[in-house]
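Same chain, two partners: chain A is paired with chain B first, then with chain C.
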Partner chain A sequence: MAEVSLQGEQRVFMTGNEVVAWAAVAAKVDIMYGYPITPQNEIMHYWTRLAPKYGKRFLQTEDEISAGFTMLGGVMTGRKAFTATAGPGNVLMQESCVMAEMMRLPAVYVIQQRGGPSTATVIYAQQETTLTCFGGNGEGHRIVYSTATHQELFDYTIKAFNAAWTYRFPSFVLGDGYQAKMREPLTIYDAESKGVKLVPTEPMVGEFKPGKQFKHLRNTYNTEEELYEVVMANQRDWDAMAPKVVEWYEKDCQDADVVFVCHGVVSRAAMGALDELRAQGKKVGLFRPITVRPFPEKQLADAVKNAKKVLVAESAYGQLLKMVQVAICGGKAEIVPMLRPGIGITTEELVEEYNKL
Partner chain B sequence: MQELKENNVLQPAMPKSWNEETKPHKFCPGCGHGIILKAVGEVIDELGIQDKIVFGCDIGCSLLSWDFFACDSVQTHHGRTTPVITGMKRANTDIIGIAYMGDGGGYAIGSQHLFNAAVRGEKITIILCNNCNYGMTGGQMAPTTLPGMKTETSPYGRDVEQTGYPTKGPEMVAAVAPEGAYVARGTIANVRQLKGFIKKALENQMAGNGISFVECLSSCPTNWRTNAKQTWEFVEKDMAQYFKVGELRTPQAKEGK
Partner chain C sequence: MAKVVKIALAGEGGQGVQSIAEILAEAANEEGKNALYIPNFGVEQRGGVSIAFVQISDGAIGAPKFVEADILIPLSPRAVKRTKMHAGKNTVYIYDNSLVQEAEVNDNIVGMQYFDVTPPCPTADEANADLQQDMIAGEPKTCSFTKPGPGVDPADIPTNVKKVIACPANDLAKNELHPRVFNIIILGAIIAATEVLPIDSIKKALETKLGDKFKADPKLRDMNFKALDRGYELIKSAM
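== the complex of A and B ==
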């Protein structure tokens, strides 16, 4: 096998999982921790093939609880670390996510959503949107990027590491099995030679220098008030961060009567519907949150302020819908849901739904 | 460690690796956790590894040690100390990682982590306090509760028909760990020996041999509702009868076979 390298820029044709592994190489990640689950397995498969060539490490853990917590151990020593999971594994990882939120640990999770609670429907869904944004017994102090293309998977995986190490909140790349498994062309690149600065890491424990101050990291509080102070300080940091990290995509919204709102891979179908309907002279627009957490609430409210209807389409039963309702409640646009838990949404179906309005 | 004299009275010496500001410690009077951690502190001093230690503690009364040492420390979630320290050691092999936990943390909620860390031969040191119950939550039955022993959730005594026999952790770890493992069971009733076990467990990690695991028979007079005499009797007789004290695996012995 030829020696792989990531220098300069390369045009490639790969699956989304392979893209994530390459993005982690580009982000100069030190170690991945993981437990097998479809549809993220190939992230580990590619990583374990790439890792030794780049002096990187991998640990296959006994379950996703362990994958999450070993990763937290890794980041505490100042190493860039991540894990990837899906579905029930995402559920098991939430315990580590809340520890990362409270202790401000720069953990990175790649989630390739799949359907259903157990197995069999292992390829596609958007049913982990709420879980990924708000799972666990905390306040959802996280950054969640919902990608739609392979180029975005690459770009936002790098960005997730930067965001995590800049703001010290856990960061997520929210993909799905379609994105994980399909192949498409994209450009992969060495981040730094492309001008993407990689945020340096820093050990929280285990640094050896003479006369060092010992650190006692904890996640236990003596009083309700003490906990309250910590949560509120985190909330203030999160609020201050939100406008800096929030991202969205909008097209043709300002004169639109109907605005499609979708996230992730569904927004690709919406792009198709938009082109088709605009060609017919229909006044439609598209709004897509890229960060589903923090949610671009103001931006959405602004984008739909002239619209009569907002068509919310998602492969889940109302998870995006709730975020949209919160963002534009009190607005004049009527919200029309198109909820397809666990199944894909095509351009044709969106056009059909539009025609029913 | 220095001997201190105050008003001409010899004061108990405090290990250098202890965080003086947090002493006296937060455990109940008569609790074994403090005795185990004293042994740990003395060993850290003797090995001169205070700078390299990352001490992880679980949820359970072990969490009261989150600021116990003048060493880098991390308090994690219930049962998750083994993976946190494992993840650290995998990411940075220069640290000396100690995962400190209770019997509930190690043998119940975190048993899959302990088992698999042992199987993989993680190069960390796990120190587990066996006090036959869930101390922090008010004395429920633990995997280590002795047959017939009364706890809040076994008020008529542990019924082995329904709940099985007490978990023998070191035996389990010794059975599954690859070569290079150090496994022992000590007791607070023999601190000199316990200290020796803990020292070997840390030296074994420093030598990069494999997993090191020490279970410590300990006391929980608060939940046992025992006075000093009864407490010692329980540790020395009842516990030691079921849980055999001694070394189960030393790296040399296995390799020499």
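== the complex of A and C ==
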């Protein structure tokens, strides 16, 4: 294979972790802050290999708490920065995530979910969905893209930086250990020459008008009323943003008796099951939230309005299920859960589950 | 939907299962097909069974793992036991009926990630004596294969599959070629069993991967290609 580069477009065959590192280069990221944890280690490995070639930086910190906060420091000075983590590392990073929510910092986190709770497995799960959407002591003012293919991992990593710097909310790419470690083909490209505009960055702490030396970004407030105003202002911004960033994928839902609802890599199994069952004349459809936060609630409710049953499949015990329940509460479709915490879901298992309905 | 060929390989850590899965998937990608390769990985270091899942198709590929394999290749007695659930009625089952030795992991590498250790050579008398190795406190970062294994228990071989083929790849490698090309024999066997790719595409992929080494020692190329052809012929005649 020819040497990989971002000149024009190039079809490549690589692991998801390598894809993320290339996407960060394509997004013209200045610096990555990180602390190793399986299964995201190779994002750091590849980034440190690529960074010197592109004049970029890397800082390894002493833990994930520090990686999160040093990234916020970088972002405050106007650097396009990100970090990547998984599992217990994601837990430790939550304090920086809510600080980013409070100070409206465009931080970007790549999460390669592993098994939980605690150290659990280094392999795979979808058990960080709730944590990534709502972790910390806040209201979940975040954008979370749940990817399913390497092409999406590349595209949405670039998009996460743009969304963060446009709306000034922390943005997340929610992958998993399977996506991190598997290899499959995708096309990588130079974002700008492909017409993908990169949102410019700017420092957030400096203010150099006469009489002023700095801008104070606050995360501490004295009164309840003061805090209330700030959180509500953020909430209004978030509500206004939500319809602009919400993304979903749906296939064959309108005439379907049964609609599969999955997110991330599990939707690949659903795509396989859909093809197989449609070929047998079964009326099935698929709805997949791409942004799990904001969740495409109206779109899901519309997609399942004619369905008799909604089969929710996830590699966690009810994290996606709760979001689905909220979205289609009061609808006539019966929700059937297929909950497999910490273990992969194959096409065969999904077909088997369908046949039990 | 285009047919997806599902291949599962399993063996002792260090048998080279992951490298052949990678070569196979890369060759398919170079042929313009869709390919997906995922290793299993965990925290265990004390002699685990390593499994690789490869899927090749002209169309889209769904979930990265699967239950039933079209081609299932367990390469050690333990791998035979570990992969039972992947054998189904449409499975072509290829196993190594040599007396494979199981890995014994030295204490100096316990706790290290698999990509940090040097793959040992399961059949060589001295593990990778001719390979440059990273050392920790004077000890090589590798496992040793010192325990003679019991061989595959015939009772462990599934009977409800499409076809069972015994391939003494380890013995072949040791006696006819070189222990190091054991996994390349298996690669030839997979191509013969699936015909999913032309054998030349594998040679091209090997050339890409090992080109520098081939240049330094052209005998290596001959040996690898011979192993590939040997595995191919062996299974072709059995199919």
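Rule of thumb we're sticking to: the second predicted complex is superposed on the first by the 341 of 357 C-alpha atoms of A that agree within 3 Å, B and C clash if a C-alpha of one lies under 4 Å from a C-alpha of the other, contacts with A are read in each partner's own complex, and residues count from 1 in each chain.
The criterion applied here is as follows: contacts are C-beta pairs under 8 Å (C-beta built on N, C-alpha and C of every residue); 3 or more make two chains touch, one makes a residue touch a chain.
What you see is a predicted model, and the numbers here were worked out from it, not measured in a lab.
On the superposed chain A, the positions of chain B and chain C stay apart, so the two partners fit side by side. On the chain A superposition, the C-alpha centres give an angle at chain A of 110° between chain B and chain C, rounded to a multiple of 10.
In the overlay built on the shared chain, the residue A:Phe214 is in contact with chain B alone; chain C does not reach it. Ranked by how many residues of chain A each touches, chain B and chain C are led by B. In the superposed pair of complexes, A:Ala81 makes contact with chain B only, with no contact to chain C.
In the superposition on chain A, contact is made by A:Gly206 with chain B only, not with chain C.
Distance between chain B and chain C in the overlay is 24 Å (nearest C-alpha pair, rounded to whole angstrom). In the superposition on chain A, none of the residues of chain A is touched both by chain B in one structure and by chain C in the other. Contacts from chain B toward chain A in the complex involve residues 19, 51-52, 54, 59, 63, 66-67, 69-77, 80, 83-92, 94-95, 112-113, 115-116. Within the complex, the chain A residues that touch chain C are 1, 13, 38-39, 121-123, 177-178, 181-185, 265-266, 268-269, 271-273, 275-276, 279, 344-349.
By the touch criterion given at the top, residues 1, 22, 25-26, 29-30, 34-43, 60-68, 113, 208 of chain C touch chain A in their complex. Residues of chain A that touch chain B in their complex: 30-31, 33, 57, 59, 61-63, 65-66, 68-79, 81, 95-96, 99, 203, 205-208, 212, 214-220.
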